[in-house]
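The next block holds one structure in the form of structure tokens; read it before the comments.
The chains carry the letters A, B, C and D, assigned in the order they are written, with residues numbered from 1 in each.
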């Protein structure tokens, strides 16, 4: 079964569009995501894991400037020589970086200047695309996928910014975070056997999903639908957050130190549950798949159900058996290299490998993932205590 | 000798202007201070001691709404019932407060909405001023002085926001932080005797300067001019920041833990000293009075000179002997109540008394202080490690 | 009225004992204080403000070694050359220091070795005292007073160590923290006038109490007895810790951040109040003067009573009107230099002056102060949030 | 090849000793480890990851009291009812726990009392062992292995305590941390294939190594000897700690924030390298296997060599090809459950499963591991930033 088609208008409908069309399509989509924002919303950074929208707009632009224009356009002059310093992210190979914490303190460059920066780079890119050498194609594809990843971050970070504002302003009235109900609570059975893992197609893919290899799996059952808000509420009402036996040691410390009692964006007001979604603060819909829960919470809920989370291999081996794509799905796999993995040389080498410790793998895609960006072999990763992604819980159990 | 007249245009030239004129004058000045800002500059809060300009604009407005309109205008309807919560500062008497740290994360209400809020409150205030009962006059005066204090904070906070931006944007080209040179390095001699301290005039004054009383002073010498950048550089070059013997114990810890090596806003670039002023990043002018130094630094410099800082009483007794008004002047007096001081009842009671521990007294006024706001008996206060005020150093020594 | 005589056996009964007798008496008393300890009690440091008893025993010994033996005994060889580094405290003039935080991690040198160190230094000192030049007399007196100050710290730190042990072991059964009841709740009236402040006698005194000077005081009333546990309980029961209006801004933050609800060492067990004293965990005696309260708490209680704390000058001017000596008494005076104060040169110059910021003055003496150590002009100092001293509250009010 | 026999005297030479003999043997060994200690060494806790030796002695005793005596000896009376609270570790199922941080502040119970506690429990255990029901055998074995794990912790924690004391006292002169040289730098080749992982013998083993399963491995080469101090020095001298490209993102932050420049216990004194070992501070022996390096450092060194760390499966599949047992060996495997793993019910259920997030697997054994305690399938785990274990680096590389 394929990932469900959704309400999102902006799909790259056929693969054989031109590079220019693709470039424009992707670049334009980032700006469309920001259209409902007030200018002030572009600027703030309420927590270290979230970046201001204007930073995303500039950083994705810097990527094309740094890795394509500066390399392949001999006459190119940077828009502003300081931007390389300001809008670099984690690429240690490209000089000094601004401390991440400071991003939310930078009122300048202004939003207007950043849109000018985008236009300037786009104009030069469109010219360059006519005669870009083939060797640059891979970096260009990385640039596209990089911008798509930041499109997803734009959604999550905008949600964090508006969802932590005491006025709870909606991002867009009618925005739907759940595209279709997940009602099939039956389990698919996957027999013991050898399964192939990793990306073996011809399209773009990341280095972390290469190294196709076979794994041996024991038989297991995996649920066809995600855990719902109602099920999560049952866990809460059964004292889930107060019973250590369901939690990892670090998860239990996290619950106690941060006084966690519900998913992010849930608010109990006068005895009634609400949740902030991108359409505003609304009564909790109990049939939606739960979202904004940490790995610790996902794992505790599964333990409370007497089940467990799937490994990323179990997930990939079974992915054709269920609908996926509404939530990034927690797995019980640490984010580690596949056999034979080696970091590419140079700046792009940092992209994935350096995060392969302390993070857990998320599989699937979410309602905020740009269309055509994810695939069955895609490996997303997340620290186990974080919650600002649109992530969800799929249950798994052994064959007994 | 009186405080030097300066370049600032917006003076209340005569005392007998109408209350409406005064109201409009003061309210308009806050907005004029903000005119050179980009919209993004209104939003950010780079450190906990600094507030976003839009917060200042809203908070001063809230003061008039809360303490005058809501009390004396029967038909008044609040602009937005949540603003009382959002723009209260430290007034514990008026319900819950937003955590100060969060001010810089609030993209909403927008700058535009806050200007609408100002207009709404101003319109109602101007109507009300025609028939405001006399009992409200004191609170109205507090509102004026309160807004003037925030006008000074607008300058200091804007400086912090722009001066910590890697692009070092000027606030206003040609803005002058030193209105006149201070070149008279001679000392005034003040003989032993009994001196009167505190405010005894008829104008507005704060409770903290009431309780006029006599103090006995030993003879002392006090310098007519402030310490210059050149003198401070000499201190630095003589190892001032590396010699514990000049420092308080807490000051020495502060230097080491924060790796302090120069005043705030000083930058050494390729062996040459620069300082950020509101007119931009410029070569250090060595004849200007040094500014943006903490009490610890002021005290260490004085010790290095073999002198000391004056007490606030010594300052007040000698103030007619020298020009003052360019920098808030560090004193070696802790901020404590005068004899007979008691906090007023109600919300305004919090204004001063609650800060009377852990802070040190600053005397005088600075280039950022609104005209007519300060006076010889005015008691400003500041934590000993902070530096974002336009403060300076006046030397004092015993008669030997 | 003089400070009440007490149960403490070890008094220097007459002033004309020999220096050797005095030396031995004081040195022996430190060791007697430690007699009830288990060896393990000498080692730990439960909080940064408390030092392990073995550190006190070594540090006071180091003082005589460093400032007397090394200077005046030509043939002296240090017991262990590393001890200078290990047992220095804050004397920046004598080389590098161990981080204070690490004191509680040092299992070596052992307690036994430290007693050997004491004996070694004592033996050499007793020899040297026969021919010590007169110029050394002042430093010797500082050494005596320094050790006496650490004797008081031995009591407070032992109390902290045992009083934070879950087994609540008594230090010494029958140890009395309140020597006599304070039952005279009347107020002494002190008329307006000029009063002399500071030490002008011939005995030992610290530089911080020199600079005798006159101050002008307004009339006031000061209570003859200290605030009792019962009065403090009334404050608690009236919601004292939940009503911001009685607190300084910093005090209120301290209460909330540390969840303070009672004095240090008070425990509410099944609805009944207990307090840990050096004789063990016992039912709260409501007639004792309250102790182990911070300046913030003392000030809040006074505000709740509609009164205030005395200044240190008011305290000194009135001290002959009441019994004092059971508790160090909080004053509303910041610890600042007297007129004409200047730090002595060299290592001893650090003794007092460097603490003259951020601390408040305590006056009087406590049950843990060695006999003959304090006097009416003695200026003790303490950070406003700390509570491990035996401090108490004396109320003051203006004449109305 | 089997784990090399070593100098350690106290081996359980044959398996068919009686339970009583085994009990006594293991219990006595803990006390022998502590024999060289001074009493003060038992008490301190220099960092949160290290426990005071007296705590280990009491905690292992509490295990037998809690899980065997209280359950199987009807007449048993606890030695002290508070000890259950004081010496519980992480077993959330057995009531409240002392905060780990506080362990180093507890001077009481004394070392003497803890030895009395051990004797009391031992006496009762020896009586009980005569008629202990068979169902208790597993818990008894857990108790033995639990005490052995703490014997290893006694070595590592004593090293931390003495190795962070400025006097660098030796634990035991002549103590050897490297039992035999590792000089065979050749690589074993392991062909592609299916390998069996997990414990399938009849002896004691932990739940985390059960769930025997097959894994598919790609071909690889694994080095027969561990990385030496000399090789690690080469890494340092080549700028290893200053070149981000060898590090994980979190590892790089760790290096910078903690200013890491060498393994734990290495000291560069006047240009010469020393390391503290349990025999004292000595010149660095360049031929010894490097130890006390974090996962981050191990991984960076491997990257610098152009190689990588083995996975725990690669390690286990190859373990018969090399000597192991001198150092716990870092693997690039996160500590996660084997297929079919489920936590046992009750208190023992917490033993392993709750740590299965954020930690990495160590394989092998170290010079501090009690004889007969480890085995090829044994899974130890450690946070990636910690260094106080005797861990080492084994290199691995793909077949190319």
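Methods note: contacts are C-beta pairs under 8 Å (C-beta built on N, C-alpha and C of every residue); 3 or more make two chains touch, one makes a residue touch a chain.
Composition by chain, UniProt nomenclature: A, B, C, D = Ergothioneine biosynthesis protein EgtB.
Quick caveat: nothing in here was measured; it's all calculated off a predicted structure.
Comparing B-C with the candidates A-B, C-D or A-D, the pair whose contacts agree for more than half of the residue-numbered pairs is A-D.
Chain centres here are Cα averages; for subunit A and subunit D they lie 37 Å apart. As a whole-number value, the distance joining the C-alpha centres of subunit A and subunit B reads 46 Å. Centre-to-centre separation between subunit B and subunit D, using Cα means, comes to 58 Å. If you draw each protein chain as a dot and join the dots that touch, you get one closed loop, with every dot joined to exactly two others.
Residues of subunit B that touch subunit C in their complex: 90, 92-93, 194, 213-218, 244-245, 247-252, 295-296, 299, 332-334, 336-337, 339-340, 349-350, 354-358, 360, 384, 398. In the complex of the two chains, the subunit D residues touching subunit C come out as 38-46, 82, 85-86, 98, 102, 104-111, 161-162, 164-167, 169.
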